[in-house]
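Encoded as structure tokens, here's the structure I'll be asking about.
Read from first to last, the chains carry the letters A, B, C and D; within each, the first residue is number 1.
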């Protein structure tokens, strides 16, 4: 019996103009928007409703113990990583596999840097501080750890994906370059989203 | 066995019964009626419980309990009107439905028609439904809601009670003669003698405040209940007063009503609040103002020493 | 996840070039990527969960009917900690209540009508060889399965399963026993599963429709799945966020939902405070109201399929119905706060949400009317699926209509959180959606197995279910009217509870009888696999594409990729020999 | 590491106890005395409790957190838990076979202060024809939050712990305290305000008196074999 090949997995659909993977990624990002959207609206609601004095009061800038410098550094790191991600995809599109891989590796490196900076200069000092700053300290820290933590997990997910495409995943290039390129494009979409979330998180948590 | 059943369903009688949609409906109605006849007979088969005798009827007409409030009739009217409207829709719709079931059943010489009917009426019906709903909403629901929830009476003229919910009891806090509620503090809470955490030493207003586990309200005087909670979300429900308000920790939400009939009624918790949610019941006494004041005066005296 | 969506491309096509018979048993049945196998897995698992959820409630009904009296026979099977001497304890009652809701909604109905029917029927109806992402499809099932296991395991957590109701209102749920943590973790799994599933559905419907199958030639069922998928995709993430926040409150001691100065059973709580209990309700109902439509829309879809096929007549007002469907889906995002009228809402906000609620009732009315008008001048074939589909109409009508007084804030004051609410939404999902699901099972069983289910057993099953399901839920309206609050372990503590206890008893007996009424179905379901009458590919003489595939369809579904020439419901077309005109046949072939 | 030391000590102690057991055979010394209240009793009046929430609670009951018996001279204090705090070394005592009973009758706990031995069975009894809820609020033991919808018994065993509160969530006024010891040498004062700790091995002891509102007092007492030592405690809560 003959089995039909699943259409539009590599080549875009004639009408919709996208291949399935891209559409799927966009839909996934839509749901992600709802996820972080809910968290941001919770942030607004809790901040507006916070009591004016007492331990539960919303901390002032110097009480938040967040340095905009470290946050800013991480912001730059992520933005650059987005650029390298695009470069990786563009090079693959132009059939420059080695160069594409190089940029991909750069993205991976930057993503790692982000995580390391986050842990070494922000999380760990807060936990070890006397008294420690924990989610139970007040709702600002609770939100800070929840939102950045969730974002951190997304970064980690990206790291795993990119690492996979640098390693075993890259075999696909030799079988079907367009495929591989598409998959890098989807990863890119996801990566830009993670970047974007941080660009919202940074001002909300560090500056406002 | 299965084949036997299959043949059974092919028999004339079998197929006759199962083909007729309406036959089934009759069966349903009859059965439901029968069970209804049987059921109430066991109505009182329950665990023994001593209770203060409660006034009022609870299963009349559509089933709404007695209404002893000034605003309640509006709510009752709305509920009844809505149900009449629903009944009209359902019956009218049902007649057409059953008519189709019978008239257009598959039978020799009967053919479905491909071209669809121009059913203008359906559009009119849908518009009508929307109109009626909007009328019910804007014409009746919203005004009632506004008067019940927003237009609070003048606190000085009203009888004020603070209702503090806790797992699993209603604590009623009366301001006493000075009409001022004393300060309360979670740290002062003593589950046995001071559930409210009243600061009797620190705050002069607290001196004459009354704590009780029953709700006593005057007849014909607007009553303001300020609903709050110690721990989780409860819901302050006076079935006969057509009053329901969630009690939410960290908030103090006022509701008001006016009793028009003396008697002894129930306070219920309508929101799941933990293991013994069901036992979170209090008694409400509606009495002439003088009696309530006498009771309050009695309660606000320093308690007699208890000797065993 | 994007990893996942890419991952598919990795193996996608070459995997499909494989010769399928080579696949080992595990890859073929357990870790199969075939949408049909996955669909069956989904359906069977969901049916088991439905049965379980129903048994939970049958146990509870004894305590409700005969409070404080030992449950005969079965009571002895439970541990002394939860049912000493066969008498159910309130804490166990609450666990059962919470888990009944959770299991029925998240583990039973949605997986059955979306995961099961959606997975199996939808790709066939659009003439696709499979889902767009077969691996994600498999993943979504197994994630759902794990979620289900976690939920079940929670019964053995210290203090029993979650007992704060399926709505898990804070702060109660935050201060509740360990079971609640399990519940939250289980929910995260279930949410992830439905996200994977829903985006897969949307992509499949957009990308993989057969040639000529334009959007307005899609069967109504596919449309319902399409809208449902969007609801799941966009409504579930906020609940996921909420679940994460509640986990933080429970595990990390944060105070998202904990206001300042809580005193629980005389103990001042250690929470910093400053949180908002209502935040949870907003996040929860923002999901849970669309969820209500997730529960009903696919049901409507299935009913539409069955009705058209058994009235031998095109669907009346197909386009209008589709528009209503989309409108419903959209509106369902802005009505959530009508679950919260009693939380102390001002006139303006309540009026706004009441208005949106009134507006959302119209499309439902439109769809119902259209379905009924389809019967007019038709030729009704009283097959078993048709009986269930027809029963769906009045039952859903009752469910919908009784929503009206609840949507009017003033009337809601009296009816909110009473049995009236229970009656209302159970009429929507139990004799509504579940009857639709039964219709679907009887309708598509021949496609899945190549054999038809026994009609006689089916009709017995239908009549008994129909009678007793009404006996269960009608009394609840009267109880609610009398002011009996929901979730009461023993309503006879209240005078108004005693007065309507008779109704409770009737409802309980109805529930147990309803349980018995499922025996013929279960027998029929399993016996027919072997003994059922062998049937042709298109036993109901229907027009939609799934009937063009062989029964049961092979991996890859269609021998030759079908091309579509006309709308989905071309029945009794004048000038054709037969009274149905399949979508994939040319005039010549017909 | 630390734990190991402790365990070895325990085991050693145990061995010792069994070895020299016979030498301790005459455990018959007694410590007894009064718990005297000095101050103004009227400052600590008992209040009648409002039990109207549950019509099944017909018994008239009063608050129990401070009960002073003025008729005794000097006035004595009820519900004081007197126990041996130190001086028993590593000696192990097995739990009594007879269970300790925590009764709920007339919507009131009896006793109001209960001492049990680690591992001893504690019977929680509902003697009222109404719904009670047992809510243990301990620090070391597991929290118990169980309902007794009708007359029935529950049995629990507890680990060593300082006094913790037990309350009923259905009848908020109901409260009592449980202390769990690893030895049987304790006594709770009653109407006469006296306590008596019998069957003590001879030795030097630190005796502790605990009251839920007035806190703890300790005294050093030495008893010789078979002797009876008097030792009174005087609580002066109002003296600042």
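By our rule, a contact is a pair of C-beta atoms (placed from the backbone, for glycine too) under 8 Å apart; a residue touches a chain by one contact, two chains touch by 3 or more.
Since the structure is predicted, the reported quantities are computational estimates derived from the model, not experimental observations.
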Per Cα centroids, the chain farthest from subunit D: A
Chain closest to the middle, measuring from C-alpha centroids that were averaged per chain: C
Busiest interface, counted in C-beta pairs: B-C
Subunit C and subunit D, separation of their C-alpha mean positions in angstrom: 55
Centre distance in Å when subunit A and subunit D are each reduced to the mean of their C-alpha atoms: 59
Centre distance in Å when subunit A and subunit C are each reduced to the mean of their C-alpha atoms: 33
Chain centre separation (subunit A, subunit B; CA means) in Å: 49
Of all residues in subunit D, the ones touching two or more other chains: 145, 147, 149-150, 167, 169, 172, 175
Multi-partner residues of subunit C (at least 2 other chains): 68, 90-91, 260, 265-266, 273, 276, 490
Junction residues of subunit A, two or more chains touched: none
Chains grouped in pairs wherever the two touch, ordered by label: A-C, B-C, B-D, C-D
Residue ranges of subunit D touching subunit B (in the complex, touch as defined): 45-56, 58, 60-65, 129-131, 133, 145, 147, 149-150, 167, 169-175
Sites on subunit D touched by subunit C in the complex: 135, 137, 142, 145-147, 149-150, 152, 154, 165, 167, 169, 172, 175
Touching residues (chain side subunit B, partner subunit D) in the complex: 47-52, 166-170, 190-193, 195, 211-214, 274-276, 279, 281-283, 303-308
Contacting residues of subunit C [partner subunit D, same complex]: 68, 84-85, 87, 89-91, 158-159, 177, 265-267, 490
Touching residues on subunit C, where the partner in the complex is subunit A: 1-3, 5-6, 8-10, 12-14, 16-17, 20, 129-130, 132-134, 136, 195, 198-200, 202-203, 206-208, 233-238, 240-242, 244-245, 248, 252-256, 260, 271-276, 279, 282-283, 286, 554-559, 561
